[in-house]
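The structure that follows is given in the form of structure tokens.
Letters are used for the chains, namely A, B, C, D, E and F, taken in the order the chains are written, and counting of residues starts over at 1 for each.
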Amino acid sequence: MNDKPEKLIDKKGVRLDGRKPDELRPIKIDVGVLSNADGSAYIEHGKNKILAGAYGPREVHPKHLALQDRMLLRCRYHMAPFSVQERKSPAPSRREVELSKVIRESLEPSIFMEYYPRTALDVFVEVLQADGGTRCASITAAALAVADAGIPMRDIVVACAAGKVEDTIVLDLMDEEDKLGSADVPLALMPNLNAVTLLQMDGILTVEEFEQAVNLAIEGCKKISAIQKETLKAKYVDVKEVEE
Amino acid sequence: MSSVITRLKQKQIAQLIEKGKRLDGRELTDYREITIEQGIIERAEGSARVLLGKTEVMAGTKVELGKPFPDTPNDGVLTVNAELVPLASPTFEPGPPGENSIELARIVDRGIRESKAIDTEKLCIEPGKKVFVIFVDVYVLNHDGNLIDASALAATAALLNTKMSKYQIEEGEVKLTSGYTQLPMKKHPITVTFAKIGNKLVVDPWLEEEQVMDARISMAFDDDDNICAIQKGGNGYFTPEQIQEAAKTAKEKAKQLRKKLDW
Amino acid sequence: MNDKPEKLIDKKGVRLDGRKPDELRPIKIDVGVLSNADGSAYIEHGKNKILAGAYGPREVHPKHLALQDRMLLRCRYHMAPFSVQERKSPAPSRREVELSKVIRESLEPSIFMEYYPRTALDVFVEVLQADGGTRCASITAAALAVADAGIPMRDIVVACAAGKVEDTIVLDLMDEEDKLGSADVPLALMPNLNAVTLLQMDGILTVEEFEQAVNLAIEGCKKISAIQKETLKAKYVDVKEVEE
Amino acid sequence: MSSVITRLKQKQIAQLIEKGKRLDGRELTDYREITIEQGIIERAEGSARVLLGKTEVMAGTKVELGKPFPDTPNDGVLTVNAELVPLASPTFEPGPPGENSIELARIVDRGIRESKAIDTEKLCIEPGKKVFVIFVDVYVLNHDGNLIDASALAATAALLNTKMSKYQIEEGEVKLTSGYTQLPMKKHPITVTFAKIGNKLVVDPWLEEEQVMDARISMAFDDDDNICAIQKGGNGYFTPEQIQEAAKTAKEKAKQLRKKLDW
Amino acid sequence: MNDKPEKLIDKKGVRLDGRKPDELRPIKIDVGVLSNADGSAYIEHGKNKILAGAYGPREVHPKHLALQDRMLLRCRYHMAPFSVQERKSPAPSRREVELSKVIRESLEPSIFMEYYPRTALDVFVEVLQADGGTRCASITAAALAVADAGIPMRDIVVACAAGKVEDTIVLDLMDEEDKLGSADVPLALMPNLNAVTLLQMDGILTVEEFEQAVNLAIEGCKKISAIQKETLKAKYVDVKEVEE
Amino acid sequence: MSSVITRLKQKQIAQLIEKGKRLDGRELTDYREITIEQGIIERAEGSARVLLGKTEVMAGTKVELGKPFPDTPNDGVLTVNAELVPLASPTFEPGPPGENSIELARIVDRGIRESKAIDTEKLCIEPGKKVFVIFVDVYVLNHDGNLIDASALAATAALLNTKMSKYQIEEGEVKLTSGYTQLPMKKHPITVTFAKIGNKLVVDPWLEEEQVMDARISMAFDDDDNICAIQKGGNGYFTPEQIQEAAKTAKEKAKQLRKKLDW
């Protein structure tokens, strides 16, 4: 039903939604949005609307899954049936299974897993509306949910993609750029440690373009990280003020 | 919760309710504060978010082309699904739908279907061959009790907010064209749930009340004050008198709730 | 293939199968019909042919499902593939899952669950042939199967539906009345305690009509309860006579 | 059963069988009492209930329109399914079919299919496009041993009792009309099962014998005394001589059993 | 796509692939072919290419499946999606479930199950390419995998089919004979004990023909058994020589 | 493995690697010995077996007729599946595909798809209606580490070996005729995987290295030295410098590996 746009980026380097190549989409983050979850966060990143909740440390069921020397991290990335153009069956797709794995592996390096042996930390991500870059926005929100649950962390993971659209390396691809562009490089970062915890890529890039994309994605991550930290600070300052 | 605390709390809640009071200060027939937002998911053909106190439910609709059922060749198809999303409660687990989410979906479905809320004949494109299929997906995001009323309300609100593509038939093939029409709605079903605690009925039980209730009963009403669906749940029972009392109260509550919908 | 009848009920209040509005279909009940189950019952209610079996109190598998202070009641309502017009897949449908739940909840109030902590009572219902009202007939049979298993009970649950056909409130809807009528109100009762343990409704009824339907269904339950009790008595008298 | 009691019982049953006797008084080659009722489920196109001692099996058939397999475009389709219904035995559990019910269904299926019991060519409506599909559902209601023979007998009896709608072809569409014809049957397969206990074979083992048997063997015969299907089961073995002995005995038993069918 | 051949066997008793009625297809066996499995074997039997691996005795998961007085034997027969003409879904078919059961039951009589109580022996069979007679070739390979794992055995099970093609009783049916012939009798044997541990049959045979087929299959088993034993001997002699 | 031994071994392996050495004698950027056999499964349209040291992976292709996806009506369809067959490792269990086999299949799929290895337009028979569907089934037979590279290599080798039936269109129906053509391949993607152990990267980790690695990264290259797919895995991280180092090394390694393919 969508007609293919003629150009994803014009001569002046302006993209379909008016952004410059190194510009992020609008981002809005909230933490502590759910009353039952131990920690939670909500993110709007472009048209993505994503909710993340964390439960833990808590008992592991079934028990034989418990790890003797560390916490068990479990993660589920899931899309609401109404989050995409064509209704998505609620049963987990192969894509959702893979993304659940890479999101878990992007968070795990940041968490002091050894502090809570024999317990589980469950992170649930629900994509309520999907635009390009759901996995990155999910990681950004999930890391905040874990922080909001009071789990000790080395750093707060943040994620952003870069990619290639026509001949330009651009930051933070939206849906049409993701689908019609020539490469997408989602990346998650522990910004204080300069450590990449998620890296995927599909499309076609030279090694040099890839290097540029990685650097641009890291820059994007750092900008989003600032928003993450403001959000957390605002919440805990609010709480402190309320407590005083 | 340990059963000792449960019993103490049950006693406390029941004693209060015996006196016509509730832990959160409501009257026995009061609902918690209700917020309804419609149209929040642009990708969905219709959507609504309902807050019932801290209980939060989202409903989204999708409209697709499909085949009618053989015994109703002139009617569009309604499909309701409910997900108890695991971030909504420590007791919800990921995995295929269990009996609670199946029951929830079927209660919501019956309210819509039996009240004839949707004018399904207007969803027919070609009798016996092509109709619009309406998917209603109920998504429970935070569970603080009374998921049934919140879900039914979110579903009705999302349907009221649903747009369908216009279409043309060209050489026997259905082509969607630009522009939308509103989903044709005839009724606005509202479901009202009671918990039985001790020998009293309370409207809109929150989680603490559900944990101590004996049984619950849910009643859906259409715009003409008719009952169109009922479901008793839980391991307890109702007396015939309590059932009649519930029906009368629910009729009034449904009228009040319906006013909160925009259409 | 079935032609819709012109009228479900004629001017004299006679229904398609010749019954009066407040008349039950023919009912035949047997108990103790299976050699392996701890308790069993068979019911023919109209054209319904339903077998119920109870196993318990017995060990719970898997063990973590066991309840510390009471018996675990499990219930499965299941239709044979050949029990209906079009073959039903043997995998449980959503309808069967829901009915299994409401049937369990209709029986549970009648059973002294606290007498057998850490055990399970399994009730299996197989619909061999389906007419209108399978859930009610299933409950009537299942309660007898539990009684036949020697499980202590407060009362023997019994179930019957009332509904509306054209403009009349009628008792015990058969298949065509169920499908073409305007409302169906299945109800289960503990008759000695005057307690309703199952109540569902679909269709359209005013509050007043609903009240009439509930009262009619309760009357129907009481009549069926008498048949239940005769059947039980007959069996145990027979056994006693054999023993003497 | 604890393994001590199992071993004691095994010894006792085996000692008796060594002397040509059985705990329930039967000869080694005797069947238990057999009752066959046909046509008991009016909703089904065909049905039968078989009692083999206390073992009770019901079979029902449904006839539907469907597509033939690509490699047999002129033949109707046979589908056999078996359910070990959980009320039939404390060892049966609800859930998707396990290896025992799948094996049971496939044994019953092979007996019917290999004997060419059904005249499948007569089930063809339009070659390669439209045929009758026959579903045979075997429903085990009480398990007291030898489910194979009881199930195979119930299936054959239900097929013999099966009626199919008459039809007309109007403008390329198949229309079912009023009236029925009998399912065209060419053969009446009968399956005979032996348990090996100690070094003896016994026909129609009941549950207590199955619990101590080393192995079982089932042989299906057609009306012309041909073997059409065999299945060995269990964790033991047979000598070649025992297999030949089984084949000869089974041939006679199958003839006797076939006489109990009405057609 | 395959045209049906005019005759499966000619006047001189020569079969489609040039064999005489009592002749086996070419057979090639290897043992110890996998580094991870405790025991393994690979067989080419006609165009069948089958790999078998055994793990055990090992711990049983989940634990409640363990048997107190003997080893638990588990067996999975599985076909690779590319092993047959039309791609086979990797999910186990009903046929594969049945064959897994009968293969397990054909191996179990040969193994001293009581030597390793509370443990499991897992036998996995993967059909990489399927010709007629996969179940028999699978058993021949699986028995060797169990022997290669060092599990004590009464005898090494071997399997072969006989059948009827046109009017002749023939040994070891290949694919086309299996599909177009009139009967197939797969049989597994403990050759030293003259004990039949698998016997199935489908098709049409008189009792006398069946007797002939059984005897012919037993002869085939004995020939294959000789190949099995040579393979084992060769491997262990090799090992011995290497060790010296 | 107990965590004490793991830690000892990790230390030993990491200490060696720190000095640029590996337990099995390889250089940090060496692959193990590679053997590729193509065309070993005659029943499959294409097949290959890859040995990477003791790691053994088979890939088989099947070509079937099917429908294109609605958004790519002119392209054939590629479907990649991976099975971690339980005989390949004591840690693999039978059952539906888990996250590891799904991830493996999707990595292999992306390498082929993103490099545009197959000329999918040539697989179109009738736009929007009929195309060839290529199934690639990766079958892991022995797991001694680096399943990703072995699987990707086996898949590319099997595709190179794949033949498709010739066909004619007769009266609107596709008829397969005798004779075959080669699957049209434009590129030959190769995937190179690194393990990070301590602060070093090693190419082609074997099982002992995988058990102690912090993280892995896999990069697929096309014939023009472009990266076409990347996947980081494992519970550790990489520095941006390590990622750039990996990309440069992988580019060279991919070139070397590609030479081992026959086409």
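We take it that a residue touches a chain if its C-beta (ideal position, glycine included) is under 8 Å from a C-beta of that chain, and two chains touch if they have at least 3 such contacts.
No experiment lies behind these values; they were computed from the predicted model shown.
Novice: Computing the C-alpha centre of each chain, which chain sits at the greatest distance from chain A?
Specialist: Using the mean of the C-alpha atoms as each chain's centre, the farthest one from chain A is D.
Novice: If you take the mean of the Cα atoms for each chain, which one ends up farthest from chain F?
Specialist: Centroid comparison gives C as the farthest chain from chain F.
Novice: Could you state the distance in Å from the CA-based centre of chain A to that of chain F?
Specialist: 27
Novice: I'd like to verify one number: the distance from the centre of chain B to the centre of chain F, where each centre is the average of its C-alpha atoms, in whole angstrom.
Specialist: The separation of the two C-alpha centroids amounts to 48 Å.
Novice: Centre to centre, by mean C-alpha position, how many angstrom separate chain A and chain E?
Specialist: That pair's centroid distance is 51 Å.
Novice: Which chain F residues touch at least two other chains?
Specialist: Residues 97 of chain F each touch two or more of the other chains.
Novice: If a residue has to touch 2 or more other chains to count, which residues of chain E qualify?
Specialist: Correct list: empty.
Novice: Can you list the chain B residues touching chain A in their complex?
Specialist: 40-44, 47, 54, 56, 58, 60-62, 64, 81, 83, 85-90, 94, 96-97, 135, 137, 139, 141-144, 176
Novice: So in the complex, the part of chain F that touches chain A is made up of which residues?
Specialist: Interface residues on chain F, with respect to chain A: 3, 97, 99, 102-103, 105-106, 110, 113-115, 215, 217, 222, 225-240, 243-244, 247-248, 251.
Novice: Flag every residue of chain C that touches chain D in the complex, lowest number first.
Specialist: 1, 34-37, 40, 47, 49, 51-53, 55, 58, 76, 78, 80-87, 90-91, 122, 124, 126, 128-130
Novice: Sort out for me which residues of chain A touch chain F in the complex.
Specialist: Chain A residues touching chain F: 68-69, 94-95, 97-98, 100-102, 105, 108-109, 185, 190, 193-207, 210-211, 214-215, 218.
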